[in-house]
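Structure incoming, see below.
Letters A, B and C mark the chains as written, and numbering starts fresh at 1 in each.
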């Protein structure tokens, strides 16, 4: 698709500085954009590229409008405005309504007439697929699953019995929703399986990344509220509850029975210990271990930045001997008649 | 299903305090259970809920039997007893015997007459599926695989050539068993693939979580002994051996040629460096790096708890300068005529 | 297969000390090898096993040739030479050319006549599968995908629209290539999806592990150069570029827009923060967080080795109070009239 700068400005309420009849055909980064490309500036670190860019038009904030001689589309939130304009240039592929001949739908399943069911999909009894939903190739939908309107399961997603997926939610390939989690009772040195009888409830407008796993509840349901965004390879344990519009980067592990508030931002590879809670509006930086409940909004960390290996080995050796170092310090303080403050 | 307290008490050898004719229909947590629900108390932290619960009956230990006026089922191991009772209220769905019309079974594969083979399953030549085994939708079983009686592959599991899966083992969706691991020989700045010719042997009563991967052996087999429980998204490298009844939480990475003993408990997101061994009865807490062999039973850690990001940045800066701090301390000790003890 | 020591020595240019007519049938470790087995010594830690081994022949370096009375094949790079000999004893299974009756190929897809397409595979319009390529059971290939000659997708791999996979590349089961990554613009407390319009380009001779995910580019392509080896359960974010012959162990997470150089070695479970770059020839040890760009070749670390949990708790408490400890040290220095050096 292509669009004129005039159309884009009007449709998305931007101030245009430039010829409204100019057209852009695709998007590109400032650094490599040509005259037929739409670019954007959201991260000020790239501001210096404004001077040299050859982009056909640039979506940017008022503060930067003067930094380039190219046509600009001025927006309060350039990244969001860019996202909407890109959706015009790259309309989402529409999947034709109907059921692929290789798919298998159980007799007691219901699939909306305008839904798409792809190759080698299986849908179990009692499951319902809503209007315009897209069930991509290789998906497995067990029994009693409810998939609301406009949901998109991209490919090879497994949705286990009794799961409910809210409208417009997108699930990327390889995700597993509603499998039995890690519930075992110790008994005489062995582990006895505990029936996992809860379900998974996923709200509307959620996105779930590739190969992410969300376990069904042990007793009550695992709940992902509306607007939550989960990246790839995330593990959500049983009975977890994630509040609306919380975003989680890839490789996060959330243990069972954790409650996470609304609008939290969890960095990559964070680990969250079981049975604790995190309040609304908390940010956790990457590779942090959350081992106590967090009751105050703010930013929390415990990730260690890489340094040269030899320096790191020395630091670790010191860290393991910190107790002795503290003792030596206290001894000097005593010798000098200082009040110990520790 | 429903059951009377009397039946449950007799069948599972509990002392019942309450009316044996009362019936429970489902399970629920103490906090939300109604008169038709069975609840349990295993974790003393929830003891305070006993006073207010409206549960139809509570499975608990003798020590807590006096803390509620509701009917109680007294058991030495309440969690295990609850697990058994829940299995009565929620019998596992039985998969009908037979092969789904969309499944494909190679001419030289053998499938027991009472096994279940689901939609879009493929089974390669020389593979055998035992009595009452359930091969769920979308599973791929390559050549020469042996699947023993009562195994359940939930859905979309890949089992590569030559793997052996012991009786009653459960594999959750998306798991990959027996793929080729990371075996490359460095040669003039590039990597030469080393044939991975070992298999995977999985014992009886094992459970393997969603999207967990277990690589085949490079030369000898990768071995998971009986009763091992692996959570989701765990990576087991080639030639690893895991001892009986060891349990591993989600997102653990075990490098190649590691040997782990029996009855170990490995916390979430632990990383274990290659070619080392961990003895029986070791516990490793979450997000710990095991970089040396462990020869003594006990609990081991190196995970860092989250704190406020600003405080953490200061602590990290100090950590990176610990060597200098130690030097300053030693200098003071010399000045004061102290024997250095470090 | 079996081979005579003479054949192996000639074919792979080794010096043979022993009877050229002796034959080996399979491979085994030094410790358990019998007279019909080929073994090798690459890691000097196993050198002591040379004295007792019963192997039919051992591939080793000149320096070790004198340490055993068994037949030896002397090679400059014993591990690489072993790998080549093992490929003779264990020839890769050849998949018969042709399309499985349960596979579905869109009318406008092109599949080479000598390619293999397995059970329940689907291939979308505009996709091309090259000569001798093997598309294993359950793979999903979307539209407009280019798969070059001799590629092997083992099983249940998802390759999303527009991806290009270079010749001889191997992809293990469960991998997802080209799915939409984590691109969301914050807007009034919610997240707006940003179209992900770039593709994935994978070079020749790459290997991608089980359940690894590689996101498509947000604007420009995600690029994996030739000879890169990625282990299992790795996450590669959008717009990442990985240089030729870099190797990554399992469970690594690479955030979006990271550039990694050539010939790097990234240890297991390393996390790399977004928008930074790592130069050529960098090694990062396991469980390290890379949070700044690396511009000098060398070895970098921040992983913490496990110790006894009680000792670790003390060390952590001290670490969180390091600032105070430093203050106390500075106070003593002032009292003793020392120049603060920190």
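Things to note:
Everything below uses one rule, namely that a residue touches a chain if its C-beta (ideal position, glycine included) is under 8 Å from a C-beta of that chain, and two chains touch if they have at least 3 such contacts.
Predicted, not measured: the structure shown is a model, and the values here were computed from it.
Rounded to a multiple of 5, the C-alpha superposition of chain B onto chain C involves a rotation of 120 degrees.
Of all residue numbers used at the contact between chain A and chain B, under half are used by both chains, marking a mostly different-residue interface. Separating the centre of chain A from that of chain B, both taken as means of CA atoms, is a distance of 25 Å. Residue numbers of chain B whose C-beta contacts span two or more other chains: 102, 120, 138, 156, 174, 211, 233, 251, 269, 304-305, 307, 319, 322, 325, 329, 332, 336.
On the side of chain C, the complex with chain A involves touching residues 102, 104, 120, 122, 138, 140, 142-143, 156, 158, 160-161, 174, 176, 179-182, 184-187, 189-195, 197, 211, 213, 215, 219-220, 233, 235, 237, 251, 253, 255, 269, 271, 273, 284-285, 288-292, 294, 298-302, 304-305, 307, 311, 314-315, 318-319, 321-322, 324-325, 328-329, 331-332, 335-336.
By the touch criterion stated above, chain B contacts chain A in their complex at residues 26-29, 32, 42, 77, 79-80, 82-84, 86-87, 90, 92-93, 100-102, 118-120, 136-138, 154-156, 170, 172-174, 205, 207, 209-211, 227, 229, 231-233, 245, 247, 249-251, 263, 268-269, 286-287, 303-310, 312-313, 316, 319-320, 322-323, 325-326, 329, 332-333, 336, 338, 341-342.
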